[in-house]
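Structures given as structure tokens follow.
Each of the two complexes below includes chain A, the first together with chain B, the second together with chain C.
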Partner chain A sequence: MAVALGLQQLGRQVTVFDEGDRAFRASRGNFGLVWVQGKGAKLTDYARWTRQSADLWPAFAEELREAAGVDVELTQPGGIDIFLSDDEAEAGVKRLQGLSAALDGDYPFEYLGHNALKRLVPEIGPDVVGATYSPMDGHLNPLYMLRALYAAFRRAGGQIDSGGTVQQIEPLGTGFRLQAGGNMIHADKVVLCAGLGNARLAPMVGLDAPVEPLRGQVMVCERIRPFLKFPSVQVRQVGEGAVQIGDSHEDVGFDDASTPRVISQIAHRAVRIYPLLEHVRMVRSWGSLRVMSPDGHPIYDRSVQCPGASLVTCHSGVTLAAAHAKILARWIAEDQQPEFVESFSAKRFDVRQVA
Partner chain B sequence: MTGRVQLAVIGAGPAGMAAAVEAANCGASVVLIDEQPAPGGQIYRAITSAARPGKAILGDDYENGAKLTDTLAASTVDHWTATTVWQVTPEREIYMTRDGASHRITADAIVIANGATERPMPFPGWTLPGVMTAGAGQILLKTAGLVPQAGLVLAGSGPLLFLIAAQYLRAGGAIEALVETTPRSNYRTALRHLPGALRTPGYLRKGLGLLAELRKHKVRHVKTATRLQAVGDGRLQALRFSRAGRQHEIACTTLMLHIGVVPNVQITRALNLPHDWDALQRCWRPRRDADGATELDGIFLAGDGAGIGGAVVAELEGRIAGLASARALGTLETGKAEARLAAERSRLAQEMAPRPFLDALYAPSPEFLAPPDDTIVCRCEEVTAGQIRSYVGLGCIGPNQTKSFGRSGMGPCQGRLCGLTVSEIIASETARPMAEVGYYRIRPPIKPVTLGELAALHDDQAAAADRSLENAS
Partner chain C sequence: MPSASTFARLPDGPAEDITILFNGEAVRARSGDTVAAALIAAGHRITRTTPVSGTGRGPYCMMGACFECLVEIDGEPNRQGCMVQVRDGMRIDAMSGARKLAEGNP
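Let's turn to the complex of A and B:
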């Protein structure tokens, strides 16, 4: 939706084809972090790209407020990554130090020991060893973001066709013919943003999307008094006071159920971090499937074989939404090659196979 | 408490009690799990309590429950009271809370008999303090003998509405008015089913008896009311409605609503079992065969949770599921099981005879299925019918998408109160059948559970939740 909105705002006439009500939708399981810390340890351009999007977010959120009348509740107070053992802490700090070195020191973070962290977040439990804090991180309400993207897109004149799964894409001399539900549609350009569905669609237009599902489980607890200003990868408190807790990484194929075993582990860890959560009630838990490429980084490609077809797939769709709408859309619409994008071609996986 | 049992029955209403007793009498080890402190379910709630009102008030049908609780007490069934089931897995693990601690058991077979829930009756103002469901009012009567002395209005339709009115009158309560919303056209459609209903005339006789009681007490009985609206400044003060083109208003301080009951499908939905849309009862029914068996091996259904039939039907279905599960467990010989199942099935068919007539007569008025824009439909998250319609305008074609757009169905009630309404609104806005629109995906827990309880269940042996920053969203 971010790419569609960006394209529509550039004056293109965009139609989004959307699947049915119970499709696997990674966007519905999102944790809502706008997160930079620790990402891109293996691909420095991913760190740069992520940070660029996080920097674009305040203006993008403001734009969504005006265009859609929806406040996505973005705050970027900095985020903490909490460690429950010395080993975890050491690995975490080492990773951030490596990133900082690769980015010539332009990577603000600090390590807070138990006592320093307790001054920032008094509610941590005795098992917490420490945390890394980075001012680059923040969070928002991912459901409001989704609604804002839809509403802004519609108000800009975009069309949504919920007629069903796109079964076939056929390249013509100029343009493409799509078969969705029972309908045939012609389009000048096609952008594949189908998440896990891209793996099936990409070869139809000469592209490659080696993405696989990775299940994550998340839970939401009842609303409690605000106690947690700083989001972390494990626990965050949303605007209304509800506490969201995650996340697991399970390679279970196309199964988005939630399981009591994993949920109880997530709860166990959360209560060790913030003991006050012990008496808070879980209202809901769910699983959702992440869209993972072999290295976890996005894939952005334009088809050489079928000009006019391009592909966008990523895992961190909230963090990267601002860059997708503001930068990537321009690349798709106007052939402007932005910085870093060449690092995200699926060709990187071919190279690895050859080597 | 962890461990393994042969049969676990969820719900101690007529279906659950009958299933548990029947299987136990066949030699199976049976655990009966129920939320309430005593057996009976909603229909026979507090049947074993000394403090409850007597037969003269609650009626003969209620007293039937005592026979079931007596056989339960005499059986080997292990009855866990005050225990809340919060998750059931396809592998037949049951997670529950009892005395503030979570427990897990694994059963070789499960009978889900968790009964019905009242159909929501949304209209403008139905969330005002002072408005409650008739079922909640009946609980107050059954458990504490509480009866409002003035300012009570009942509104809606269905046999239970008349029964509750009669019970209140017998208990010495006063009713300002009974405002019936049954559409006039329902009488015509129901007439077709009258001959079938007369095969088992007991239900109709009882209904006519209840109406006669209302007349005897000179209760104001308004028929075919439409466009209901509850009004009041921070609290209920009056019920407004239209009738024959004219506006009416009745002052009241308590308004009890009822438009029938529907299966409580939270557990079967969370299990991802297939559900069929019942166009006559306008509700979802989890799919099962004549023995109550589902698609999932060893999981059976019985009673109103699988389709509305009432207490006697529930009891018969309970027996059938109890016998079928005993057969599946090997504690009842197949030949013997067949003979007994056949007998119960024929009684069941007899008891079901009046259903088409009752279902047609008391089909809910469309104004409560897809209410006006200014009606709150999701009470937990305060989402209105108008907001749902606007999400459809944005491209939502199903209830699971409206969750993402406006949080409807994501509160502590897990969509119990708005699930049907949201799907009906989407179906009418998009002109698609309900079977295609579908229902909320129900996610565990079925009832809220504390993190402390969850954490205590955690198993260090299982793969620890991996924490990789690379994958942070």
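Let's turn to the complex of A and C:
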């Protein structure tokens, strides 16, 4: 939706074909982090791109408030990655040190041991070894974000067609013919933003999207008075008081079920971090499928074989939404090649080229 | 503050045989009622205030889905009134905003 909104705002007439409620939507599992620290350890351009999007977010949130009348509850107070063992802490610090070195030191973070962290976040439990804190991080309410994107897109004149799965995309001399539901639609350009569905659609327009599902389970607790200022990868409190806790990484194919064993592990970890959560009631838990490329980084491509077709897929859809709407849309619509984008072509997975 | 309710007991049901307390006030209820049903039958339409806007809310879906009926039951906050059966002498209080963590952990 971020790409669609960006294109519509550039004056293109955009129609989003939505598979409908049976689709495996990664957005259902959003944790709502606008997160920079730790990302891109193996691809420095991913760290740069992520940070650029986080920097764009305040203006983008303001724009959504004006365009859609929705406050996405963005706050960027900095975030903490909490460690429960010395090994975890060592690995975490090493990763951020490596990123900092690769980015010439322009990567603000600090390691806080138990006592230093306790001064910042008094609610941590005795099992917490420490955390890395970075002022680059923040979070928002992903439900409001989704609503804001839809509303802003519609108000800008965008169309949403929930008529069913896109079965076929056929490149014509100029433009494309799409078969969606029972309908045939003609489009000048197509942008594949179908998440896991991109794997099937990409070859129809000469592209490649080797994405696989990776399940994450999360839970939400009852609303409690705000006590947590800093979001973490593990636990965050949303603006309205609910506490969201995650997450798992499970390679289970196309199965988005929630399982008691994993949920209890997640809950147990959260209580070790913040013991005062022990008696807080869980309200809901669910699973959702991440859209993962082989290296976890986004794939952005424009088709050489079928000009006018492009592809966007990523894991961190909330963090990258601002960059997708403000920068990537311009690349798709106006051929303006932004910085970093060439690093995200699926060509990097082509073994023949690498060899 | 009971007010005129569109909900009424069926005329041929069993008698109200137990007493619960809502905000300290005695309310007659039937064994087998849920907390939410007992409060509605007694005319209590507002049983909590929301954490977001502070406006009054009351039981809605009566099947555990909507969380509009949250009340404090015997000191335990954020219980779903429609999923708990009344007991004689049960102490129920309106849920005022979000739960506090610092005090009153059950």
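Definition applied: the second predicted complex is superposed on the first by the 351 of 355 C-alpha atoms of A that agree within 3 Å, B and C clash if a C-alpha of one lies under 4 Å from a C-alpha of the other, contacts with A are read in each partner's own complex, and residues count from 1 in each chain.
Convention: contacts are C-beta pairs under 8 Å (C-beta built on N, C-alpha and C of every residue); 3 or more make two chains touch, one makes a residue touch a chain.
All values reported here derive from a predicted model rather than from experimental measurement.
On the shared subunit chain A, the superposed partners chain B and chain C overlap sterically.
Within the superposed three-chain model, A:Arg269 lies in touch with chain B and out of touch with chain C [touch as defined at top]. In the overlay built on the shared chain, the residue A:Ser162 is in contact with chain B alone; chain C does not reach it.
By the document's definition of touching, of the two partners only chain C reaches A:Gly241; chain B does not. Applying the stated contact rule after C-alpha superposition, one finds that A:Glu222 touches each of chain B and chain C. In the superposed pair of complexes, A:His279 makes contact with chain B and with chain C alike.
Residue by residue along chain A, chain B and chain C are tallied for touches, and B comes out ahead. Contacts of A:Ser316 after superposition on the shared chain: chain B is touched, whereas chain C is not. After superposition on chain A, the chain B segment that clashes with chain C is 255-263; the remaining candidates among 255-263, 399-407 or 453-461 show no clashing C-alpha atoms. The contact surfaces that chain B and chain C form on chain A in the two complexes overlap at residues 222, 279-281, 283. Chain contact summary for the complex, chain B toward chain A: residues 87, 89, 93, 95, 104, 272, 391, 393-401, 403-407, 410-412, 414, 437-438, 441, 443-445, 448-452, 454-459, 462-473. Considering their complex, residues 16, 18, 20-22, 25, 27-28, 30-33, 35, 37-39, 41-42, 81, 88, 92, 95, 143, 146-147, 150-151, 154, 160, 162, 214, 216, 220-222, 233-234, 245, 247-250, 257-271, 277-286, 290, 292, 296, 315-319 of chain A touch chain B.
Contact residues on chain A toward chain C in their complex (touch as defined above): 222-225, 227, 240-241, 276, 279-281, 283. Chain C contributes residues 51-52, 67, 77-78, 97-101, 105-106 to its touches with chain A in the complex.
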